[in-house]
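To keep things simple, chains are lettered A, B, C, D, E and F as they appear, and every chain counts its residues starting from 1.
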Amino acid sequence: MQDVELISPQLAILDEEPYYHAVGDEVPLFESAWRNRLPVLLKGPTGCGKTRFVEYMAWKLKRPLVTVACHDDLTAADLVGRYLIVGGQTVWMDGPLAAAVRAGAICYLDEVVEARKDTMVVIHPLADSRRVLPIEKRGELVHAPAGFMLVISYNPGYQSVLKELKQSTRQRFVAFEFDYPDAELEAAIVSRETGIGADVAAKLVKFAAMTRNLKGSGLDEGASTRLLVHAGKLIVDGVPPVAACRAAIAQAVTDEPEMLAAVHEMSSSIF
Amino acid sequence: MQDVELISPQLAILDEEPYYHAVGDEVPLFESAWRNRLPVLLKGPTGCGKTRFVEYMAWKLKRPLVTVACHDDLTAADLVGRYLIVGGQTVWMDGPLAAAVRAGAICYLDEVVEARKDTMVVIHPLADSRRVLPIEKRGELVHAPAGFMLVISYNPGYQSVLKELKQSTRQRFVAFEFDYPDAELEAAIVSRETGIGADVAAKLVKFAAMTRNLKGSGLDEGASTRLLVHAGKLIVDGVPPVAACRAAIAQAVTDEPEMLAAVHEMSSSIF
Amino acid sequence: MQDVELISPQLAILDEEPYYHAVGDEVPLFESAWRNRLPVLLKGPTGCGKTRFVEYMAWKLKRPLVTVACHDDLTAADLVGRYLIVGGQTVWMDGPLAAAVRAGAICYLDEVVEARKDTMVVIHPLADSRRVLPIEKRGELVHAPAGFMLVISYNPGYQSVLKELKQSTRQRFVAFEFDYPDAELEAAIVSRETGIGADVAAKLVKFAAMTRNLKGSGLDEGASTRLLVHAGKLIVDGVPPVAACRAAIAQAVTDEPEMLAAVHEMSSSIF
Amino acid sequence: MQDVELISPQLAILDEEPYYHAVGDEVPLFESAWRNRLPVLLKGPTGCGKTRFVEYMAWKLKRPLVTVACHDDLTAADLVGRYLIVGGQTVWMDGPLAAAVRAGAICYLDEVVEARKDTMVVIHPLADSRRVLPIEKRGELVHAPAGFMLVISYNPGYQSVLKELKQSTRQRFVAFEFDYPDAELEAAIVSRETGIGADVAAKLVKFAAMTRNLKGSGLDEGASTRLLVHAGKLIVDGVPPVAACRAAIAQAVTDEPEMLAAVHEMSSSIF
Amino acid sequence: MQDVELISPQLAILDEEPYYHAVGDEVPLFESAWRNRLPVLLKGPTGCGKTRFVEYMAWKLKRPLVTVACHDDLTAADLVGRYLIVGGQTVWMDGPLAAAVRAGAICYLDEVVEARKDTMVVIHPLADSRRVLPIEKRGELVHAPAGFMLVISYNPGYQSVLKELKQSTRQRFVAFEFDYPDAELEAAIVSRETGIGADVAAKLVKFAAMTRNLKGSGLDEGASTRLLVHAGKLIVDGVPPVAACRAAIAQAVTDEPEMLAAVHEMSSSIF
Amino acid sequence: MQDVELISPQLAILDEEPYYHAVGDEVPLFESAWRNRLPVLLKGPTGCGKTRFVEYMAWKLKRPLVTVACHDDLTAADLVGRYLIVGGQTVWMDGPLAAAVRAGAICYLDEVVEARKDTMVVIHPLADSRRVLPIEKRGELVHAPAGFMLVISYNPGYQSVLKELKQSTRQRFVAFEFDYPDAELEAAIVSRETGIGADVAAKLVKFAAMTRNLKGSGLDEGASTRLLVHAGKLIVDGVPPVAACRAAIAQAVTDEPEMLAAVHEMSSSIF
């Protein structure tokens, strides 16, 4: 058999420290999991900083980072790789997971429960003591180097029966729960990311807390830190605070007319 | 590996100002979102001018515009691109989203909730601070230039449980709500687009308002501004107003015999 | 990139006037819609003459006609076109919709609600003021010439919740409702198409009216004009009228034994 | 574009008269439909002779016969044809329907409701006055010659809501209902096809009638004429009649233990 | 058109007599069906010897045997054959059914109700007096030689509504019902296949009978003859009888803790 | 036909003894099954050592081991093999099952009920006295050498109606049930795998037992031995025991806030 060329991209290490402010013991725990070659599972609501945390840890551990946003149609082949015909030749192109394993990178599967079940199973041999990735189509068994780490995340608030992590999957991971930062820290983050004054940032955080209290009583989810940053940017750019809160926060969290009115009123009472 | 040729179309900027009449603060808000590199979500009923508004903003910001009408079978590959075999060579053809990112264009995904879930996820990294489009099949990470902007739209009135925007998607966008213009403005628009007299235009707008009041009590949706333009064109062309209203408006909004009769009667009472 | 050959068939104009007898103002309304470049939606039961009407209008307006019978598996690609490998070369073959747009033809999508949702969406940009067909796989935007017209049809009596036209689709069309011609006209049509005597034709029309009264009380649909033509042809060929009515009409509209007996009895009472 | 070779098989006319015994006026009705170029729909239970009737008519009208057994996965492409790569060249291979149209054959689609919906629609233009088969992939419109005839069949007893013929399909056909032949004729048929004596044949027919009376009260369907032929053959070959009836008839119509016992008892009481 | 090479394997006749002990008149009935060119349907529970019986008959009739285990994803193409590209040439590779027809073999479709509906239909023309296999993709009609025989099987106990044999399929077959052999014969079979003593074999058969009595009251199915053979082999190899019964029989028939305990107790009471 | 090259990987035997501590008679039973060429089915909860046991037996029997993690999209072709185009040539690449059969390896299908139904059926001829693997696409019948053994596993606690093993599958296997080791043995295993002291290991096992008692009353599954090993590793690395138990055990087994609190409290009461 003629050799099939293998295409596997060179992955680079982030060269700038991402801004991340720890909210608990997540940094040393992550480092310990990495030293013990254990995979990590991050739980938490949207926009609370999971992705940023993984970027920060990749930078701190000097590992390249490969991020995959999971979805309904993501197959095992999308992660592992596939054969392509290029110029009449068959070449093998590593998928992001295979590339991450070869490079000893951190591979971050975001919103992993959205992926099809076969994706879950393909990570099993990587997520136990074997630490191997079988590439069945190549008849190859890739052993993960020491630096490789698998990180997955999901939002427990959205898990449906159809899309839950099986015990045989989750019992392979060390798991951390994330939540929004406390008020003071969140105001500092919003201020730093937008250049807005401390007082306005505090008001935005207060507004966010009000929406988070509505979770489960009309809202699926409260305003995330990310939405506060959006509102802050619009305000710095000259948009009146109430209009900025309406567009960046209220309209972003709900379509329901009465709930929209209630959330508008909250922002008006603050600004 | 032999080089794979990359096919990415050159996108042009609209050279004529599209006719658009603002109904609120949507123009400065959109500009602020663009300056802050935030993606935008437009909500509103069919035919109220969302598409025209995006065309207008693209012209105003001097950005090329790429519009994609989303549907059930639209996959991530349709947006991002795919390999083709041309003359025995494999070439990569950018999809409309990848082409828009490379060109720093405005990419407008119309009725985005109709698309498959993987489409939603493929826009995530473009719709947060990373502003990147991963093209996994090429192992390429395209960084969006400053001019690029992502705009999506949907009609909240039609969202079903199966087709709603997840919080992890919607909490990435600055959101605006659109509605029909007020009566005076709408009559001016109909008049300008059809050449019909102000009095007939006013009557058409009055008729439309009557149908919009029936929304939820027999009609799924009232007559849009677009339908008034259709009726106006037929009238200018010599079709009797009542016949024009029946064909362009009543028959276009419902099939239900009793509702058709009621709507016919309304137009007869006006003309 | 090597040039991909484009295969787009030459479409011809009907050279013989199709037999069509107007039942209302549908001819001038259609002409006005065509002059105003508005798309048209035809509603009505099976076999009442919608297809013949479109053929007639195409002949009258001197436009080529492209007819597509829609079905569950009709995809956007079937309408727009696809790449084929021919003799080792990749060629692009226009689908019927793309061919119609390029030729300035009338494109008639029959029973459009049967098609998959993506078909609906692909016609959106053709069915508003843009009048363009984006061929995403070619990165091409085809502008419809003045002569092009889009016509769609469906039978409102059969629409299910799963297969209804979305408001965002239907509010792009000028709509006409069709029904069976009145008794005198229908008898004339049957007579002309079969050569049968006026008296027998009148009896067939009377029989049809009886079956149409059963619609909703045992029959899904009454006998169409087409079935009367079938029966007429068999009678002219020597088949006894009652046997012709049984085979061409009764057995064609129902399988239900009691309903069959009732319908048989009706024809026996007439002939 | 290089010429694509067209592969369309030469169809032969049956050279031996199939054995068929008419049970009503189905032969002259079929001939009249054929002379008038009308398509035919045959209804009736399994094994009552529909297929044999079509073979007989094809022989009588001196037309080649193409039979297609329809099923869940039969697509329009399976009927119409597809491109194949042969020796590096693309050739078009006509499907059985296209081949039948070109040859002016009788095309018999057996159990047509089993086919996918797109199959139904592909026959529409062949089953009205147009008598054309559009081959969209070739951009070809094949006009049916005078000899061509479309025949479809199904068993109304098995139609489910999901698998019924739409009115827009069935109202294109002249329809005949088939049933088992009367006792005397059926005994003659069994005798002729197996060489069994008239008395045993009569007993088998009597037994069949008993099972047919159980239809709807424990049996989905009674024993068909075909099963009597099977039993007859086994008996002629030396199998005891009761054993032959059990294997060829009782076990063939049901699995239900009590019903099996009842049917066994019937045959024991006769032989 | 260039010739497409046809790949059809040479099938061999079994050269050793398989061990089979008849339980009724199934051998002469099968021979009579074969002489009369009638297809056969075998019904019965798992592991009762249907496969072995077919092997035995193939050997007795000196016919090659082709066995296909049917499943959910078995398509008509899997049975009939498909085109492959080999060394740049298109070759046709017969599927097992086509190969069996050409070779005049016995083709045994095991658990036929598991297959997709199209598989059922593809065998229809082979299972009536036509005895032909249409290979639509080749435009070929293969006539079955005299020696060819179609045999299908299923387990009526497991048939669900979704997976039942249609009357139009089953009324083409001569049908036999299989059951476990009687106690004495079954003990002889177990003894012969494992070398175990007659007394232990008798105990195993007694144990099996107890589990078969539980069918429908806690067990889906009792222990098959095959499981007794498994237990016998382990015992001969030195495993204690109770342990052998637990692993080879009890754990093989159920997972339910209470039922497992009950079945364990049965075996303990015997050994 | 040109020869198609066959690619079948050389499989190696494990050269290091995997650590495994027997909990019952599973080792001699497995050896007896192997000597008698009977396939084996392992049942048990996640993380209790099934995979390690198979590795150990493969080492002990000096057989190569091929492990396949089954999933929803695993097809028969993934197991058996497929044709690839390499350098313009068609080559056949054995799947893991075919490779294992040729090499006389142990083939372990982990979580077999997750695979598609066709996978189940493809192993049937390997799992009875025939011991053959039909490779239909090659027209090849591979006979398993004496050393080959098929092992499958699943967790009965998770079987749903949709994903249960059919009797016709399970009645081909000798079956063992696995459970967690007893307390003393489990502490020894944790200690050996992590280097943690015996007292901490005993506390972890005590904690695990408490969570296992919650199975069915709030937890889907208790903590597996694997999770104890995770916690032990973090503790040895300096993470405080309560934090290690929270991340490695509590967060890994549940997302439910009250259950998390209860489990946290358990670990606090122990450490």
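The working rule: contacts are C-beta pairs under 8 Å (C-beta built on N, C-alpha and C of every residue); 3 or more make two chains touch, one makes a residue touch a chain.
Bear in mind the structure is a predicted one, so any value in this text is a computation, not a measurement.
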- If a chain touches subunit C and subunit E alike, it appears here: D
- Message: Going only through chains that touch each other, how many steps at minimum separate subunit A from subunit E?
- Response: 2
- Using mean Cα positions as chain centres, tell me which chain lies farthest from subunit F. C
- Most distant chain from subunit B by Cα centroid: E
- Task: Give me the rotation angle that lays the C-alpha atoms of subunit C onto its copy subunit D, rounded to the nearest 5 degrees.
- Result: 60
- Query: Taking each chain's centre as the mean position of its Cα atoms, how many Å separate subunit A from subunit C?
  - Reply: 51
- Query: Measuring from the mean C-alpha position of subunit D to the mean C-alpha position of subunit E, what distance in angstrom results?
  - Reply: 30
- Listing for subunit C: what residues touch at least two other chains? 85, 88-89
- For the protein chains shown, what form does their contact graph take: line, ring, star, complete or other? ring
- Counting only contacts in the complex, subunit C reaches subunit D at residues 5, 7, 9, 45-47, 51, 67-74, 78, 84-89, 91, 93-96, 99, 110-111, 114, 155, 158, 220-221, 223-224, 226-227, 230, 233-234, 237-239, 243, 247-248, 251-253, 255
- Query: Considering the complex alone, what residue numbers of subunit A touch subunit F?
  - Reply: 1-2, 4, 25, 28-29, 32-33, 35-36, 38, 41, 43, 75-76, 83, 85, 88-90, 116-118, 120-122, 124-125, 128, 134, 136-137, 139, 156, 159, 166-168, 170-177
